[in-house]
Amino acid sequence: MLRLNNLVKHFGGVRAVDGVQIEVSKGEVLGLIGPNGSGKSTMVNLICGVFPQTAGSIELDNIDLGTKPPHERIDAGVSRTFQNIRLFDDLTVWQNLWVAWRDAPETEVSWLSDWFGSSTDRRVEIEKLLDFSGLGDRSNYKAKNLSFGEQRRLELARAMASKPKLIVLDEPAAGMNSEEVRDLRIRILTMKDLGMTVLLVEHVMELVMNVTDRIVVLNFGKKIAEGTPTEIQNNPLVQEAYFGFATNSGGSD
Amino acid sequence: MEYYLGVLQTIGIHALLGLSAYLLLLTGQLSLAQVGFFAIGSYVSGMLTVMVGWHIAPALMVGAIMAGFFAFLVGFPALRVKGLMLVVATIAFSEIVRLFFFNLNWRVQVDGLEVGPDSTQGFREIRYFAANGWEQSHVVVLIWSILALVMILLWWLDRVRAGAVLRAVGEDELAAQSSGVNLMMVKVAAMTAGGIIAGIAGGLFAHSSTYVDHHSFSILLATFAISYPILGGLRNVFGTLVAVIFIQGFIIEGLRFIGDYRNILFGLLIIAAMNFRPQGLVDGNFRSDLAKLLGLKPNGGSNDA
Amino acid sequence: MGFDHIDIIQSILDGVLFGSTYALIGLGFTLIFGAMQKLNMAYAAASIGGAYAGLASITILGLPALMAFVIGPVASGLLGLLVYVACFQYMPRGNHLAPLMASIGALFFIDEVIIHETAGSPLSFPAVLPQAYFFLGDFGIRGDLLFAMFISFLLMGAILFLLYRTKLGLATRAASQQPVASLLCGIPTRKTNATTFVLAGVLGGIAGCLVAASVGVLSPLLALPLTIKGLIVTVIGGLGSIRGAIIAGFMIGAFENLFLLIRGVNERDIYVFMLLFIFLVFRPNGLFGTAIDRD
């Protein structure tokens, strides 16, 4: 589904991403972990088109994404959430979803109707997404007046609103308590059931180890390990990257 | 009576100008170019009625379209500059327009009289209304009808997806773009629409004052244009209208009796307003505020639709 | 209209000398923008206001002419502080429109007070070294403009010293880059910003007096064009760049005079603005822009 071909990104003299090759299969949940500064956020921004790569390419369903800006990547089927919540604060929950909304490709919606119309079908679908996100009764609340957990759920819902094939989650569990992390885990698994492919960039191991099918580990812009959660947990290279040393026994979180 | 009609005229035209800036502010673009579009609308529609003998309706429309066209052109380079730089770039645009018309000399003979823009002397004899039997009250009705139409359109805009998208761009460009919004299209469209509205206002202004010159199109007017939506708040169109009525109606005309002190008070009032209500006079709780004001409601609500 | 290369160089020379005042105004805008990422629209007006105060001190209080150049900057500094308190100090940090609007209100206020007190008519301002005129080969140099340039260089040097070699300057730069963090580090952000406004005000007051002295008159009509020129200089120099503002000031002065020679006073400004556009298109970060992406 997604292929990163020898992706390179330099910022001046800094090699944030240094020749990374990753393949994400359709329908899987791939975790992307690594210590701070390993290049995870840069990767997210590259995949989503925030800035162009220095070298290498990104292919979605075998189509090179080239230098498409973010809004065209949404057309291609990639959406994202942000590490620091970036909701439209003064808009309501409903409007936040509305802005990002894409109708299903089969439905023929005229330009006029898309921008200036009010279709009942669309309303029903948005309400469904709101209910799924536990925001059904918050539809008229301004995003800035939501609780932290609600805001995180709204970010997730907004990323889903464009009906993406691939959804990139940038540290969605940051600042969450255990219960919220459990809830997030269920949501991600539901997204997988709905047919989406998920790329999860995360630090919170409790989530990564329990929701991903495979994990890729980055350090200093390079891929240092790839495998199932269990394999990664026992990988000495990974341990060394995080702790500075490797242990003999395979640890649990 | 004539005096009050004149005040209504001014309020109507300034409200249109303010709304043109309001639309741009929604997308986060602080533009002082509105007065430039206003000038284009004035001169083009004026020249059409005076020099070519057109009827007011097509003249206003063509004036607005020309203004919109230049706004469209301005919209693209405007994408590349943000914040302060956009302010300065739009100031430069408006000044170039003003200076262009300041130097424009295009005189023709119509019915034995020489008419047309006369460079430093300005553009006189824009006498369409008088020559065609329009009373001042008719002009006021025309201005306010157009104003009402524009307000209804902008009010409705906020009820459909386009309005939410505009505001999203103003809130957070990166988030909007990452949610699939084509920033260029939205911002250029807003600039163009704003230009059209300013162009109509300009045409109405030229014909109702019968005389325009470069003094009419200074940066001062441009700052008034953005003052209205900022003071009134960006929640809805009424904020801008309220601000215009307050400034033009109350301060400038209503306080005429205190003479020059009016102008001094004006500046102080702006400073006070921004300190006490930085989000604008009319914010989201408009309906509850109005209800409170009219004594219909004990408390304001915490959420608004 | 025939003019030879001597006329051209002469006009550039005069322009560069006069441009030192633009450099000062641009510097003031830059200091404030650099410190708070906000635009103070009342800046040029406060500078002119100070010059008026300086003039009042000699016409009304009968002080010697030189005192205008002392009282003026002091008054501008005070006005700068007032503008800070009235328009910037109490504004919510993220809100950029409100302080901008408030400073526009301050601009109106200062302008109107001046008009009210002087009945709108221009007043003559003492000239500095009015008779001095030097010759450099085929070119003449006005002594008062040379003096203005000299003073401007002194001031720029002082500002650079202040910003880069003193604790106050360090605090100002820290507060501009990380307002919250510097507060937590014990830097009194408010006091630092207020000081910046005062310093910029003094700078502007000197610029205002120099402009008035070079032109010979003070008029409230000076405020708006000076504001616009100052903004252009700030943008062309690159937002937040002190070096840029200084160089751009001289550049604008030179070009302005050149355009005046070639196209006359009615069209001169059109070309200055076109110059601005060229910069915005090809070098949106200005001459030495620090790419501050906040707006």
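We call the chains A, B and C, going by the order they appear; numbering starts again at 1 in every chain.
Methods note: a residue touches a chain if its C-beta (ideal position, glycine included) is under 8 Å from a C-beta of that chain, and two chains touch if they have at least 3 such contacts.
These numbers were taken from a predicted model, which means no experiment stands behind them.
Contact count check for A-B and B-C (C-beta pairs in contact): higher for B-C. Of all chains displayed, B has the C-alpha centre closest to the centre of the whole protein C-alpha set.
Our note on geometry: chain A versus chain C, Cα centroid distance of 48 Å, whole angstroms. One inter-chain figure worth recording: chain A and chain B are separated by 43 Å, centre to centre, where each centre is the mean of the chain's CA atoms. Chain geometry summary: the mean Cα position of chain B and that of chain C are 30 Å apart.
Chain C makes touch with chain B in their complex at residues 33, 39, 41, 86-87, 90-92, 95-102, 104-113, 115-116, 224, 228, 231-232, 234-235, 239, 266-267, 269-270, 273-274, 276-277, 280-281, 284, 293-295. Residue ranges of chain A in contact with chain B, taken from their complex: 48, 50, 69-71, 74-75, 79-80, 82, 86-92, 95-96, 98-102, 114-118, 140-142, 145, 158, 161-162. Here chain B touches chain A in the complex through residues 159-162, 164-165, 167-168, 171-172, 174-183, 284, 302-305, going by the rule given at the top. Only residues 25, 28, 30, 77, 80-89, 91-93, 95-96, 99-100, 102-103, 120, 218-220, 223, 226-227, 230-231, 260-261, 263-264, 266-271, 273-275, 278-279 of chain B touch chain C when the two sit together in their complex.
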